[in-house]
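The following pair of complexes shares a single chain, chain A, combined with chain B in the former and chain C in the latter.
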Partner chain A sequence: MSHSEIKKPEDITVPPSSFLAKLPMLGGILAVAGLGATLGSAFGENKGRAMFAYLFAFESVLAIALGGLGWLLLDHTTRAGWGVVVRRFVETTAATLPVFALLWLPIGFLGFHELYPWSHEHDAILAKKAWFLAPGLWYARSFIYLAVWSALGWFLYSTSVKQDSLGDNHAERDRLVHLVRKVCAGGIFLYGVTLSFGAVDWLMSLQPHWYSTIFGVYYFAAGILAFFAFVTLMTMVAQSSGVMKTAITTEHFHDLGKFVFGYTIFWAYIAFSQFVLIWYANIPEETEFFMVRMEGGWQYISYGLPVLHFFVPFLYLLSRKVKRNRTLLGVGAVWTLVMHCVDLYWLVMPNYGAHGEGHHEPHLSPSFLDFTALIGVFGVFLAVYGVLLKRNKTVAINDPRLDESLVHENY
Partner chain B sequence: MSTKSNLWGVLAQYENPHAIYKACEQVRDAGYEQWDACVPFPVHGLDKAMGLKASKLPWIVLTMGIFGSAFMVLFESWAMGSAYPIIVGGKPLFSLPAFVPVWYEATVLFSCVTAFFSNWILNGLPRPHHPAFGSKAFERVTDDKFFIMVEATDPKFDLEKTKALLQGAGATLVEELEP
Partner chain C sequence: MITGTADTLPDDPKIRGDVVLPDPTHGREALVRGTHDFHSITEMVCRVNEAPLKATPKPFLFGLALAASLLAMFGGYIGYLLWEGPGIWGNNNPVGWAWDIVNFVFWVGIGHAGTLISAILYLFRQKWRTSINRYAEAMTIFAVIAASSCVALHTGRVWMDYYLFPLPNQMGLWPNFRSPLEWDVFAVNTYFLVSLLFWFTGLVPDFATLRDRATVRWRQVFYGALSLGWRGSMRHWVTYEKAYQILAAFSAPLVLSVHTIVSFDFAVSQLPGWHTTIFPPYFVAGAVFSGFAMVQTLMIPARHWLGLKDLVTAKHIENINKIILVTGSLVGYAYAMEFFVAAYSGNDYEGFTFLNRMGGPYWWAYWTMISCNVLTPQLFWFRKIRTSATWSFVLAFFVNIGMWFERFVITVTSLHRDALVSSWDYFVPVTEIFYLLGTFGLFFTLFLLFIRFFPVIAISEVKSVMPQANPHWEGYEHGEHHAAATASAGGH
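Right after this comes the complex of A and B.
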């Protein structure tokens, strides 16, 4: 308990031949194969399908990176100590956000017309929304979101890395710690606004008549849940690659598991809140969202999500023993990530072909392109993640709250 | 057994979390059962140092949560579906989505109220008086001192040996407590 006894971890660099060191190569292969197949199709006659697959993949993986940024903002603002040992994995997640600005380009400049019906359709409802869903303004807003996320993500990552090399220069270190906390407090506001509007602009406007005031929160809930599942797995991968084998303990995994569990409930709460108000009010523009998801095979996912994305993981992760067992927690995290992708698929895909030329009843018809898009975008993410992780120590070794984290225990 | 008739137990004071953590481990390893530690703030891992078993509370709460959940959905179905059937908003009488908010809140309410009062019962509360209140030193338990008390009813209790154990574990003050 005495802080003089605390030993700082020494296995804090990625071993050259470990799995973790191969992440850039692995991610690169997935990225080239996946994106090649998907974007290749985007220049053929399957363009619409390929772009929807790409949007689904982009939003699924972006949600993870944004979830990481959200955790960092909260963590620094509240001066949380427990998670300092895993924070570098989170900072690396958030530091990939500038890459998403590049990954966004196909959506903005290749598939804009195919994805967003309001870009070329006209009717009485869209006329009222035309001032907001105007292409020029939409592009301007998109650039702002991407700039804010990239700036926050990279700032938090690079500042933390800078602390590593400060040694005994505690004055400079403490100045950075205070600066980060101030930026994060304001960052929460920016994050909330940009994430909500980003979800509205890029996802909700796929079905432009429809609106839901809780949609931004829904996307946040999906993202932070997927992020905690991802960082739990990444921590396990790191440990099996020989990084921080003793510094990250069952106590930290228990806490990560609690967050996966808690945000599972949060996601279900938000998803149900969105559903029940629309169901109760029964207004045509609002019910449209669930109507298209209650036919053509989508109803199986609509009924499946509450069971498989809430009840099953809720009951599974409820027990303390499961959260404190790495294998069982890992299974829960993989399950959560898979269901996160199903959730995003269910948000994006029913809109394919629902408007304009080639109009048809939206039906569930998974394509090879969905899969290639997902591994492609996830591959880019993993590759950049691997490169950034390898460049630095895997823990914020000089953080003033590292000791607190090393001896962290749950009750 | 060298116990005095008006002896409740022994109180020992420690100076910091580290000291009481080590002391608790020693008392635990000596095999005492009727004893407790009092600290001004949560000391992480103290339950392990004291050798406390996992609390029964989660199971009680889980049981009552499931009961509350089942009770409320059945109650709503009965009340809305048959006892007082009114059509609301053009929805069917048995409308599960409409039941969910109350159903969910009832689950939470049953769990929380159970947790709150079970916690009292398991901890022997309310308890307006405790022998340790007779000690002047014990007043600082809410400020900056850490205490262990061993009760005289413990089968291992022996006034001199227990005192020596607590002293040996680094106590800065050892007192006898009267009921």
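Right after this comes the complex of A and C.
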């Protein structure tokens, strides 16, 4: 197919009166209301509860942005061509990562004591872990994670944007393409290490006696799954706002749907691996994790997750028809995002109220704070996302693989 | 490293495939080099199979004789094993599992590249897979056969092996369905069956090609029977493509499930060093890693001797090496995560096991594993190394060694010092080396016979990724149906 036949899309700016253009305002309202209510409570007697709600919200939304970063790293490294038309939405997702460094501050400086029992409690097991779970080291590591993610996310976004204005300067464009490929290949390593240890430091250490080697992979699986659901929805929102109405075709949605489907399986595989090995070996220091999630109402979520976060979306997204129908795929993506939040809620919240050694009895008691925290953090994310998206073209118009992406077909 | 551009490729097919082309920013590198049309592809691949039996190259016969004599030795060894029992091994108390299981996991792991290339790369529409999928799949089949020979023979009373299957019997004895060892029987059998079907399905059109070109009676009958009446009609192709896709979709989860269950053999226990939650994905990554290394080990000599460098180019070698780099690093991640969590957990037994791996009596096995599996593949960060056939062959060989040692480290070093200090013992192999060599004899005999009689490249699939397969190919637009495609035409 000769390249002259391929027409580059022209509807690549966010129309001023569209829904997409209002994202910053919408996100801003959600952010102010949500964060105001949550962090306001954090200064009252509900501080512990509010901080747990905040951590849940932070980790849920951070997972989406990190998933976006992961996709970009893989996409450039594997020289993928199909996704160029949707890549700007992904780059914008990853470009929000510096904001998460700010959003992390309440965890590090407001709720550290309430969230992490090892920060002030002492027992024989914690004494053996003091070489790693020490506040100073924890802050240093957190700083490294956030710096690495911010730098990678912002670099990939700004390099791609820079490419837009290069016009016919192919030499410079190709130089940037090769630079990005090199950074991404190395970035995968930094990403893998920082994401895994980030999950250990911020989530696994909520239950400081417990350990699981697969935990970092679990958080990665959750994140990249949520990200694909998010970018599918964002692409739909963009199209309904009049952006790239013809350039992004059913073929691209089909592929996004395949990724949501595939990572649903991957998440279930990782979750099942963790569960079945701990259940089968039945060693007390490991089963603790599932024990607290098997009482006080949490058991319903524990039983619900495999059904609602795996079997239902698996059977639903299995069909080619569903993946190629925007409404049906959109339903699947919303479902996946909701279940992602439930999953993270289930990871974080049962640790609330745990003190010292011995057994604590968790209770599933949702609070309005969980909701306000989620819309607050998500609002900040959306607002920044909207601002960044509006500033640039909605597609990497100068990407040398754009033509390939425009005529992409599943066969 | 010879570098060049697509327009300045040399004419000599002996070196053309080794030329390293620049990483393109747009368009894709042509997967077939040289001025080939469909017919010349058929000629190139079939030439190997169609040489008269008497004209079989001497080096090939020598290789086959070597492999077959190892296989014969294996036969004798099995007889000795059946006669004497597993007492001919160095297994002791507490090391009840040793080379038998190590060999099994080693071979099953090698099988994984075949399924990954044929199924997962197919589902991801990775066109470069077409040049290597056939012998990767063959490798899978033979590796699983070698693995089965290990696992079937390690049971002690081999004549009771049928109890592994849930056969109704008058004593009402059933296998323990709650044991991952039993799941293993099902997993490996399913895997073998599906891989075999997949391989054979892909072979049918190519068997038909060989049948149609046959000049002697036995070849007509042999390939005629294997090609199942294939006529190449549109209906046949539609059915074929559907079957292929369905088998690919079935095989994809098998890539995960088989080695996941192999990992369960260890990880469901409570043994430090065996029980850790990352085992399933870590074993799968390790299996793919070892499988691709074995593909590289087999493919690099094959493309050289069989004159297939136009089909298996430096680009293919580079892609395989990238997968080796990724999976090797994933394996390194798992080693590091296990080590970290052993320290983080504060569990003394976990901690001891991992320190004992590094500095205990089997320190040499551990450091062989680390240097071969984690450090060696890091050399593939350099493009010069990962595009060089020689380097790739050498490094892939190290990976093969490292992955055998990985299973040795997991099995033997975790067992030899258990919780009761008085029962510690040092495992020394007695006759096991013949066991391992015998499985290599089995594997290579089958593989060499495959190369001689079956098309080693998926002829019809390679054609489908050539520019001529595109209805809009410029050669057709000018009415030159037989015009040679230049390498620079590229597919879109």
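In the analysis below, the second predicted complex is superposed on the first by the 405 of 411 C-alpha atoms of A that agree within 3 Å, B and C clash if a C-alpha of one lies under 4 Å from a C-alpha of the other, contacts with A are read in each partner's own complex, and residues count from 1 in each chain.
Please note the rule applied: contacts are C-beta pairs under 8 Å (C-beta built on N, C-alpha and C of every residue); 3 or more make two chains touch, one makes a residue touch a chain.
These numbers come from a predicted model, not from an experiment.
Chemist: Should A:F132 be classified as contacting the first partner (chain B), the second (chain C), both, or neither?
Modeler: After superposing on A, A:F132 lies in contact with chain C but is clear of chain B.
Chemist: Just chain B (first), just chain C (second), both, or neither: which does A:Y280 touch?
Modeler: Both partners.
Chemist: Residues of chain A touched: more by chain B or chain C?
Modeler: C
Chemist: Name the contact category of A:H408: first (chain B only), second (chain C only), both, or neither.
Modeler: first
Chemist: May I ask you to decide whether A:R173 touches chain B, chain C, both, or neither, giving the answer as first, second, both or neither?
Modeler: After superposition on chain A, A:R173 lies in contact with chain C alone.
Chemist: In the overlay, answer first, second, both or neither for which of chain B and chain C A:G216 touches.
Modeler: It touches chain C, and chain B stays clear.
Chemist: Look at A:K245 in the shared chain and tell me whether it touches chain B only, chain C only, both, or neither; answer first, second, both or neither.
Modeler: neither
Chemist: Intersection of chain A residues contacting chain B with those contacting chain C?
Modeler: 1-2, 276, 280, 282, 407, 411
Chemist: Chain A touches which residues of chain B in the complex?
Modeler: 17-18, 21, 42-45, 47, 58, 89-91, 97-98, 100-101
Chemist: What does chain A use to touch chain B in their complex?
Modeler: Contact set of chain A toward chain B: 1-2, 272, 275-276, 279-280, 282, 320, 407-409, 411.
Chemist: Please give the residue numbers of chain C that touch chain A in the complex, ascending.
Modeler: Its residues touching chain A are 23, 25-28, 125, 253, 256, 260, 264, 267-270, 275-281, 326, 329, 333-334, 337-338, 341, 343-347, 381, 470, 472, 474, 492.
Chemist: Residues of chain A touching chain C in their complex?
Modeler: Per the stated touch rule, the residues are 1-3, 79, 81, 125-126, 128-129, 131-132, 173-174, 177-178, 181, 185, 188-189, 192-193, 196, 200, 211-217, 265, 269-270, 273-274, 276-278, 280-283, 285, 400-401, 403-404, 407, 411.
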